[in-house]
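The same chain A turns up in both complexes below, where it pairs with chain B and then with chain C.
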Partner chain A sequence: MSQSQPDSRMQVAVATIGAALLLTVLLLISVSSTPYAAVRAFFIGPFSNRFYLGNMLNVFSMLSITGLGMAVAFRAGVFNLGGEGQVYVSALTATVAGIALASLPALLGLPIALLVGVFTGAVIAGLSGLFRHLWDTDELITSFLIASASIPIVDYLIVGPLNDQASNLLTTERVPLAFRLPRLLAPSQLNPTLIIALLLLAAAYVALFRTVRGYEWRLSGLNRQFARYGGIHTGAYIVFPMLVSGALHGLAGGLFVYGTHYATLVGFTAGLGWNGIAVALIAKRHPLGVVPAAAAFAYLESGARIAMLHTDFTFELGTIIRAVIFLFVTASVLPKLGISTRVGRSIRLLFRGGSA
Partner chain B sequence: MIYYAIEVMAPLLLAGLGGLFAELAGVLNIALEGMMLAGAFAAIVTASLTGSILAGMLGGLLAGLLLAYLFYFVGIRMRANIFIVGLAINLLAAGTIPFLSSAMFGTKGVLRLPNVPRMPGLFVGVETGFPLLDQILFGHSFGVYLTVPAVLLAGFVLRRTAFGLRLRSTGKNPETLRAVGLNPDRYRRAALLISGMGAGLAGSLLALRLGVYLPNVSAGRGWIALVTIYLGYKRPVGVLIAALCFALAEGVSVAAQGVLQIPGTLLLSLPYILTVVAMIVYSAMRRVAPSDA
Partner chain C sequence: MELRHITKRYLENDVLAVRDVSLALHAGEIHALIGENGAGKSTLMKIAAGLLPEYDGEVKSDAGKVCRLVQQHPQFIPQHQVWENLFLGIEPRTRWGMIDQDAAARRFSALAGRYAFPVEPRMRAERLSAAQAQLAAILGALLHNPDILILDEPTAPCSDHETALVFGMMRDLRNDGRAVVLITHKLREVMEISDRITIMRHGRVVRTLLTADTNPGELSSLMIGEDCQRSESDRRFSFARRDSGTTARTPLTDQQDPATAAQQTSPPPSLRAVDPAQPVFELLKVSLVRRGRMLLENLDLRLYPGEILGITGIRENGLEYIEDILSGSAEPSSGEVRIQGNLPTRYTPRVFRKLGLAYIPTDRLMRGASLSSTVEDNMILLERKRFGRGGLLNRRASASFSAALQQKFGITAVLGKPMHTLSGGNMQKVILSRELSQNSPVVVFSEPSWGLDFRSSQRVHDEILRLSAEGVGIILISSDIDEILSLADRIVVMYKGSFARTLHGSDRVRDTIGGLMLGIESEMSLAAPEDHNHDSSKEPGQ
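Showing the complex of A and B:
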């Protein structure tokens, strides 16, 4: 991951989103019987009414938190690729805690339930940090594997022991009424998570860029050896960033339950963790960059979801979009197209700006 | 059960051997899972179109090769993060196959196509008088017998040829290679393409043995294949032994599922748990004895 070419990385991010947009439109045109309506729905659907707009903002707030969770880890040079599982498991533990504490007043019960989620996420991610610290086991792989292992277990618990017998859906019981966060833009799912997300982004910015610990955190990410020579206890900046990253994912899981769904449903995280990685990479690992990146992603996701209503069959358009973004987002060299004609040169010049 | 284990071992081994080349060239190919899945889907479609098992296997191999080239192009040529690109390839397979399946055949579930021939067995009915030996050696589906030359070939290429030596030094110390005027990227490309072919072929064996394409038919086997590389100490024969152990374990767990009534959903997490344990053990042992292995 080169830090030295910010301009080229910016172009890569823009080109990546552009490629994803183009592919989405092509896919929609090819599978829809009313291609014009589908493409139109994709582009302006998210803004067409309160419901869609509020839902998009809700997706934005969730992605801001998971994206921030990834960005803070990446900043310290550690990778947390288990966000999806961390959100899912934490959502379940937060749900169970809330149901168990139903007799408490909401002002006490809700924070405890959310903290249980935060704690769960921190422990799962922290394990990978610990393994890396103790035995130099690549935290990138272990975080991914632990998350992948935990997802089927949560699936099993929701369908089996924790299933809501009264409902026909694959879901747990719903959390107590008093604990649920209010809706801000009914009938959409928008809720105070948005405010929490924005506060977290601001806090992370201050912590990373305006404090000594934040400086050490970033320095460990830029050059671990240099940081160690400078007297920074770099081992701590492996475990601790993983803990914080997991905690943010845990919080996202809890808020997803108490703000949006009021229960844990099978597979309801639907890529929140994965998209968080994409958001953090597009944001160039900067807390403030998370805002436009999460907004772009929320727009892409919402548009795709609305446009799917205009296609003849459903498919995982979100997965394909995500795949394309992952494929190119970390690239630091744009491909040489092998065209030496004048057209080729001007295309390359266009992509690389003045530097070519 | 031994018979079943040998059948299960074949795809694991082929994917593992391919992945071994990539690993030795210093590129961890975590996209084996997606490549296997693509290979399985392509194999069923080609076998149905041509009515030939061999063409089906070739189709699977080419699908793996295609994804491997994409991996190389973005991960090596465009200098992207190898792990993120690997994940992208897995996602691409997981997202594109249901799309293609519903666009072409109108279903994203079990794909049962006409004209797919049965995988023929070899040495059916041959007996030595020792039932255990018979179960290990004879009557397996055609693909299983590919693994024997594959292990020998992998060992020969990696240990006894200039290409193998250069490929291994690409992983150990690419600067040396560059110093003698060779381009490490070419060896990384070759290694990735070999791993793509191995995984694609492995996927085709999975699907052609069943005669249908099941969604998520690989079920974490690409990850297990990755583990066999580490557990096999990065040697072809080691990969063979590790793959056999996993295959026996799967045979036992399938049997146990019936007896102990473990829910099938929970078994889905087993490959990942095993992989993470293997990785931790591997790195902890490497720490104790940092000299070799």
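Showing the complex of A and C:
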């Protein structure tokens, strides 16, 4: 309906998270043999010590960047469904670049390595935007397909040519010591990515809501026909938002390596891209909304992880909870955005192959 | 079936669509319902078919009688097959409770075969041509075995052959003792197929008569209304100034006649530094073909500074396509467009605007406005670059700009609220204020007073006259004959994608225009036989 006033949107967001939490508690109580300990670990755990708190904040920073990457694309009315793959591929290229540039001073080598990641993500996503502009292919599908196809390639490179022979893990060599970002709340994984993420959110807010380009960007997303009618180059606002979205995912990939893992491990992105979509949707595609959305998501994820360590809470339960949240979010947000039909059509095309 | 004292007011826009209408439909009869756009035909028939629940009055019909309406522009789920679309809710079942696809397809094919409609049940709906979609929708209604079948403009997308098939089906139903209602603009078809005719105008029934007792001329004048005499003398007077009789108007004709110019509400003409003999906008042999259909054919047009050129016709006869061509929203298949003598580098609104065109679109909700953006964001669309300072948007400047426009055009709105909170009249004013803030030498108005009340449309009309007096070239696309007659210096009538005739000076007569719109030559048009051009040869059988 036309009643999309801020307070009612807020209510929807709160109700969504609330419903997900309630379901989580019910699950914990019904499944766990020590329900009290499980609930306690889940909800209090993330704040119980520096380690857990720092890790939660680190998850928050990563999700903020990928969530922002999705939000900026949504704002322009384009859909980047390949975030997961973009993070993964960019992490690998940034890793390889860092190892190759090990002889450079860190102040030069680290930015270059991160830029390689940014560039990789931008190119992968930008291609989908360009295809849409040139041939009107659905960027939602092409971004998904390109990213999905690149994931097994990265898997192969990690276990094959780029494998770290010295390690038993499925991982690349580690990046040079000098390039690694310092830890802020040792022994947790928290690192300056948090600051970068917050700066990016603020910058994105200014760019989208306080500049002429941002005005054109948002207008293209709200009503492309109107934007075109007003003389806005709408083609540019398909390609460019995809580039920016991909670049942010690329940066997330690079930072994930240099701040958290110091190498690219098989499957280490573990839903960063997908959860970015959920974060962007809960945030109502608003850069500042990304903060509470990513925080809520990081909290739930950390809670699940801690409950898993301390009680008989299982990995599958954590996955279920995340799926439940995603379901609630998409159910409440997608129809409002008017993209459910588009998503539905695309999914059907994907699975039926357009058969007559 | 009988309709008694039906009145329908649309609450959304407070339009009284149907006023106290009574109508009886008889079995074994084809009843034509004719009238101009917005006369209330479709609304009345939706009420008859039970599709509009809220109305005043009474619909009386015998119990168990089925009434089906085939709407204009039938909608299908594009990815589904034809039969899936049409059997929705009445799917034949197998013994196991599954949908019996074969039975459905067989039933559909039998019905299609009976009337020789070229539609396959297993075709995907998106592959249907417009005419096939229409035929399929009719078959869908027939599947319900209706006692009363209402067809809303069924032949609009049809060629002569398909029209003949539809008529064959209608006769078959009539001979079977059923009632058929045909809503149409096309008088030729009415004369050919119907038994009785009801004419509607402004939501009322003007008259119901037997087809055998009437002729196209009488129908045309009944449709358009004798009340055109009402203010004809006023109009004549106010247009003495504009009746130059030639295509090119010179500033002299304006100044020669200061007395009548003073009668105008608009200020005296103050032409800018434009050469009045140079056209500001031209179409040269423009055609538009889509999917093999000729939508616009060989259009030539010249617009001079200070001139109001009216383009009228029935909307389905190409008005929406010419709007797209004139505004740069569509690229012509052949021919060229010139704005102030310049060829556009590309056919996009962006380029057209740069060359000096402003454009008030028919579709205000999608094209003319961004409903979820603020009023202010809607106003600054064309001036956005001006408010950029080092890339940042100067909100203070944009706010004072919008406030000035709001004041100038008397817009009742809160600038920071979303556009969708505005009434239709205020929304149109926002669009006008934005487009006219550019001082463009050419302005295209398309259906500028659609959905506006009398006062609002009066304001729009005043604005058009004021612009014209300032030397702005104006193209006014409108299917409202009154609007065209009261504003335009020259009137071009479109019929089937071509310009049927250009009328100026004393030729601008209501009946002539009405006749040309409907593709018939009324007696009135014989008054100007020298104007007959080749297009009239396109109308055989009249």
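Keep this in mind: the second predicted complex is superposed on the first by the 307 of 356 C-alpha atoms of A that agree within 3 Å, B and C clash if a C-alpha of one lies under 4 Å from a C-alpha of the other, contacts with A are read in each partner's own complex, and residues count from 1 in each chain.
As a convention for this text, a contact is a pair of C-beta atoms (placed from the backbone, for glycine too) under 8 Å apart; a residue touches a chain by one contact, two chains touch by 3 or more.
It should be emphasised that the depicted structure is a prediction, and the values quoted were computed from it without experimental measurement.
*Asks:* In the overlay, answer first, second, both or neither for which of chain B and chain C A:V31 touches.
*Replies:* Once the two structures are laid over each other on A, A:V31 reaches chain B alone.
*Asks:* A:F79 contacts which: chain B (first), chain C (second), both, neither?
*Replies:* first
*Asks:* Between chain B (first) and chain C (second), which, if any, makes contact with A:S150: first, second, both or neither?
*Replies:* It touches chain B, and chain C stays clear.
*Asks:* For chain A, which side has the bigger count of touched residues, chain B or chain C?
*Replies:* Result: the larger residue contact count on chain A belongs to B.
*Asks:* Given the touch rule stated above, what does A:G214 touch, chain B (first), chain C (second), both, or neither?
*Replies:* The second partner, chain C, only.
*Asks:* Identify the residues of chain A that lie in both the chain B contact region and the chain C contact region.
*Replies:* Dual-contact residues (chain A): 2.
*Asks:* Can you list the residues on chain A that touch chain C in the complex?
*Replies:* Residues 2, 4, 206, 210-216, 218-219, 222-223, 225-233, 345, 348, 356 of chain A touch chain C in their complex.
*Asks:* Show me the residue ranges of chain A that touch chain B in the complex, using the header's touch definition.
*Replies:* Result: residues 1-2, 27, 30-31, 79, 81, 131, 134-138, 140-142, 144-146, 148-153, 155-156, 159-160, 274, 277, 281, 313, 315-317, 319-320, 322-335 of chain A touch chain B.
*Asks:* For chain C, which residues count as touching chain A in their complex?
*Replies:* 79, 124, 327, 329, 348-350, 353-354, 359, 361, 366-373, 377, 380-382, 384-385, 387-388, 391-393, 395, 418, 420
*Asks:* Using the touch definition from the top, list the residues of chain B that touch chain A in their complex.
*Replies:* 28, 30, 70, 73-74, 77-81, 83-85, 87-89, 91-92, 94-96, 98-99, 102-103, 106, 108, 220, 223, 263, 265-270, 272-273, 275-276, 279-280, 283-284, 286-287
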